[in-house]
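Several structures are given next for inspection.
Two complexes, one shared chain (chain A), two partners (chain B, chain C).
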Partner chain A sequence: MNWTANDFHIILVGGLCAMACALPGTFLLLRRMSMMGDAISHAVLPGLAIAFLISGSRANIWMFLGAAIAGILTALFTQWITRFGKVERGAAMGIVFTTLFAIGLVLIRKAADHVDLDAACVLYGALEYTPLNMVTLFENETSFFAVPRAALVIGATLLFNVLIIALFYKEFKLAAFDPGLAHTLGFRPQFMHYLLMTMVAVTTVAAFEAVGSIIVIAMLIVPPATAFLLTRNLPTLIIVSLIVAVLSAILGQIASHIPPLLGLPDTTSSGMIATTAGFLFLLAWLFGPEGLIKKQSKQLEIPHFD
Partner chain B sequence: MTWELLSETLRLEHYNTRLVVFGVAFLGATAGLVGSFLLLRKQSLLGDALSHATLPGIGIAFAVMAAMGLSGKSLPGLLIGATITGLLGVLLVLAIRKTTRLKDDAAMGIVLSVFFGLGVAILKMVERIPGQSAAGLDGFIYGKTASMIWSDFVLIAIILLITIIVTIAILKELTLLCFDADFSSAQGWPTLWLDIILMALVTAVTVIGLQAVGLILVIAFLITPPTAARFWTNRLGWMLFLSATIGAISGWLGVSISALYSNLPAGAIIVIAAAIIFLFSMIFGTARGVLPRYFRHLQLQRKVGRQHLLRSTYEILENTQNGEPLKNLPISMDLLRKHRYWGKGELPRLIRQGRSEDHVERQPSGELRLSESGFGEASRITRNHRLWELYLIKYADIAPTHVDRDADMVEHLLGAEIVHQLEAELDLSKPTIDSPHAIEPTEHELQTRPTTKIPPP
Partner chain C sequence: MRPEHPPEFPLAVHDLTVAYHRKPVLWDVELNVPKGTLAGIVGPNGAGKSTLLKACLDLIPKTSGEALVYGKPYEHQRDLIAYVPQRESVDWDFPISALDVVTMGTYRKLGWFKRISRSQKQQALEALEKVGISHLAKRQISQLSGGQQQRVFLARALVQEAEIYFMDEPFAAVDAATEQAIIELLQELNSKGKTVLCVHHDLATVSRYFDYLVLLNMRVVASGPTSETFTRENLQKTYGGKLNLLDDVAQALKNVGRS
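Moving on, here comes the complex of A and B:
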């Protein structure tokens, strides 16, 4: 196995990123809005493109801002269409993010005409193919600074998420389980909703550059869902989903070394991390306390009651 | 852009433009049709999960075909692979939803992200298979509309035909499934199989759409046209027709515009065209659009307000006079203000409205008086209101203290015909009946009540 220091860096960044995503993901899951992460991560494209057109360079604070604003707008537009048009939330979300994504594609194509912009860089780099950039980021020892920077950005995001959730834990909990009660008690579930959306948008965008959207979407949804099958207690849910997130990063990175051992070509870390998260979910689904296997044996037990 | 180019594009003079326009329009129509059922089944985002789940299938199919010594990029092979993992993904969504406490959104999200991750991992491996160029496989992610060829077109046309036939064949069952799945399964319909047939149709559309508009944008084709159509009608048949038409029109618009301006990705323009149609429908749609709904709301508010004003005036007349018949006297604003609760600025607004409708008139003294038609209307409204109260108390077993609120609402909603029926049922012959739970006249009203019979004005 070709295990190097790069792997530890990947695990470090991937693990931090997974935890940063799993935190807001837990509350998304409880509010039945898991698909929001998917929607936001697609919809940031026009934000990236506009920020690039204005500032003329990639990977700076403007890109981050543009993407974060686009992310929050996604949540806002979805809310408006749901409320004023009385459209089901899933459909509203689908319309908003596909439209924003399409606008992003057009903008990038147009931008490539006038500005010296590598369209594929934004398109693939920022969306599906970021992990390719990430591996080179770590391979080269001279650009040592690149490694801590990605980890720093993600680490800061994780810290931001931990702080927000620690500060508003009670409010988030109430808004997640009973928005009606939260409203009557004066906790303003609408505000909590947009705070959560901001968290998701910021996390998505911050994690983009380093790891690509695949890990972001997967880590927003899969670890909380896995934990959800294992516990019914909120603090435990959060902790277990963090553990699942870190495990996915570690095991995923190890798994990405398996294909070459079997004589197959190399693959990407982020794809494998997402796949591993799915595998962990499968385990919980089958063997968890409420898993399929337990259910099966319970059903067999029933005849003994009489 | 020149006129020549415009007319060339609009008249579909080029074989290639013609092919792509018809292909994409057919695709839009099919997606609009199938998407309508998805929307009504509240499963719109399933297309999202499904389209992402096709990616590993494409990668695996490429690898398998390459291993068999064929060209890895044979389209039918890739599409078969996409269909298999797409269906697998959808079945997993159904299974997760059925066997765990997780809800739709989480089930879809898990399948979407894990399959997509797996797909990217597999594509990455496939790219490095020696002797095979996998370049262009990622075209499935963003689509390559302009490169549509005759065989693609035929494939789309066949899928459209099959979709229409299946939809017509099981329209009744699908309708039942969409509007009341529980009832449908209680009636003994195989809901699981109906769901699977629906998903198979969605899969077919998604897979065909993959290479035309790409993995992300095909989702829009499934969601946007039906949602736009829903604003215009409450009837399923119309909705299906409209949704298919909107899908076809946005496809045609998108392709034409991207043919006119170079360097515009057709897939994206199609989605934007559909989104513009959606926005227009959301604002102006006659059945559920924002503006029509707002106007209907205003109308109802006017009606309710008018009834409140007239009934209050009538009740004050009753309270301030003793003896029949009731005379239409002017009443002071003060009495009216204290008779019931009025919202801020509501009373002046209602009086303005009443004057414009010629129901009330201002006396020079500042007092308010019902007009001839207003008096008749007020008497009718008051009578209807009391009929309802009586009906609710006698037949619906509602505590008298709770009646008034309900009476208000029902009275505003029901027409004269039902009221006549009620009247007959209750066997009432008096032109006006006493309130079954009369509110005591206010102190003010009692003070104004004369001790002797007042002379006619």
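Moving on, here comes the complex of A and C:
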């Protein structure tokens, strides 16, 4: 196995991205809105395209703005269709995100003639190429320290998510557990809802370029879902899902070296990272405290006596 | 200010209509709940009992009309009301402990962004003590029985230190000991001058539990002190010709004499 600095950089970007996704993902999972992550990560595409067509640049600020607006619109449209169309929420989400995604594809084809905004890149990402675009953070005569540019963008997003969750932890917890109470206490659950949707949208865009939407969808849901099998304590759950996210990146990148060793065709890092996350979920499902193995055992649970 | 709804009433409802997709659930509800009553809201399934509470709290949109809390709209009087929703309204698999849930009742006084400190936890623990399950404080909420979950909800309302308590079916599917504990707590609140509104469906206990009664079936059929309102005629008007229910009514009316 030839392990290089590139692998380290890929793990850095993948791990940061996975952690940035796992944070809002935890609250999506708890609000039983896991598919909203899927929906938003697709629906931001027209936001990106329109932002590009209007501004004519791929500057991050425009992309983030376009994506955030598209993300909020997805949540808003879904709510409207559910309420006025008498359609079940899952179906409403399906209608909104496929339509927006399709509009996005059309717009990107339209813009693609004169720009390197590429549909395939949006879907699969280009994790392998992130080490090609480096930023030097620190340099003197004897040494220098450089990281992939994507790591900076995603690191900033992770920091943003950490700050938002730290600031609104109590409010997120309340709005996710009992929106009715949140409302009567004056904590505006609708505001919390759209804040969460904005976090998902912004995270998705930050991750797009580097890792593509497939890994975003996986990382929004799989690490929190895995953690949910292992603990029923919210702070622990958040920490465990961050650990699962990082482990997926590390083990996934290691695993991506294995198929070529066996003479199989090459594989993509982001694909392997997402697959590894799924594999970790499987392990938790089998061997976790409430896992399949435990359930199959004949040993009686020790009853609680109050 | 409307003359028929003077501000001394903890809850005054005027001309309230609520509809889901054009189908009215509540129709032109007029109601004054006097201070210091332990009031039951009683009526058949689908009569709009829960909807009445939710509409007063702005949890669902009103088609017309208004609900006033001591003469002012609810959004200016949030501090005065504690709401206990139906138990099924939340996900009991949520990864938090009983103490966490009760602590949520202190959030309003705490305000945005502020961290939970020892004093909030202490308050929550005292409330759990009051409802008799402080030994379960650290337990994850899915590990609690139905009755214990209802007690957690009640404790959460207690820490809100409100003037008016809105309870949606607090006695639904709880064990007899819990039912007794809850009614004793409600009576204790009542004796301190608090107003309690309670959606209830067990006619057999109405006259024992409540001193004020609102009979509801889309409209307010009758409201007033239980001794005057809980009559065969009013119940028949509320429940219509539902025969199997009328047997319950007969049974309940027999109990009136005994209590």
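Here is the rule we use: the second predicted complex is superposed on the first by the 254 of 306 C-alpha atoms of A that agree within 3 Å, B and C clash if a C-alpha of one lies under 4 Å from a C-alpha of the other, contacts with A are read in each partner's own complex, and residues count from 1 in each chain.
One rule holds for everything that comes next: contacts are C-beta pairs under 8 Å (C-beta built on N, C-alpha and C of every residue); 3 or more make two chains touch, one makes a residue touch a chain.
If you're wondering where the values come from, they're calculated on a predicted model, not measured in any experiment.
J.: Do chain B and chain C fit side by side on chain A in the superposed arrangement, or is it a clash?
T.: Because the two structures are overlaid on the shared chain, the partners are seen to clash.
J.: Tell me the contact category for A:R32 with respect to chain B and chain C: first, second, both or neither.
T.: So A:R32 meets both chain B and chain C here.
J.: Looking at the overlay, does A:L185 come into contact with chain B only (first), chain C only (second), both, or neither?
T.: In the superposition, A:L185 contacts chain C only.
J.: Under the stated touch criterion, which partner chain does A:K86 make contact with: chain B (first), chain C (second), both, or neither?
T.: both
J.: Scan A:F228 for contacts with chain B and chain C and give back first, second, both or neither.
T.: Touch status of A:F228: both partners.
J.: For A:H42, using the defined touch cut-off, is the partner it touches chain B, chain C, both, or neither? Pick first, second, both or neither.
T.: Touch status of A:H42: first partner only.
J.: Given the touch rule stated above, what does A:V106 touch, chain B (first), chain C (second), both, or neither?
T.: A:V106 sits against chain B, while chain C stays out of touch.
J.: With chain A superposed, which of the segments 22-30, 238-246, 400-408 or 418-426 in chain B collides sterically with chain C?
T.: The stretch that clashes with chain C is 400-408.
J.: Which chain A residues are contacted by chain C in one complex and by chain B in the other?
T.: 32, 86, 228.
J.: Under the stated contact criterion, what part of chain A meets chain C in this complex?
T.: 30, 32, 86, 167-168, 170-171, 173-174, 176-178, 180-181, 183-187, 228, 231-234, 237, 304, 306
J.: Under the touch definition given earlier, write down the residues of chain B that touch chain A in their complex.
T.: 39, 42-45, 47-48, 96, 99-106, 108-110, 112-122, 124-129, 138, 141-142, 216-217, 219-220, 222-224, 226-227, 230-231, 263-265, 267-272, 275, 278, 282, 288, 290
J.: Inside the complex, what are the residues of chain A that reach chain B?
T.: Residues 29, 32-35, 37-38, 42, 81, 84-88, 90-95, 98-99, 101-103, 105-106, 109-110, 113, 123-124, 128, 131, 214-215, 217-218, 220-222, 224-225, 228-229, 256, 259, 264-268, 270-275, 277-278, 281, 285, 290, 292, 295.
J.: Mind listing the chain C positions that touch chain A in their complex?
T.: 21, 54, 57-59, 78, 81, 83, 85, 89-91, 93-97, 100-101, 104, 107-108, 110, 112-116, 135-136, 140, 142-143, 156
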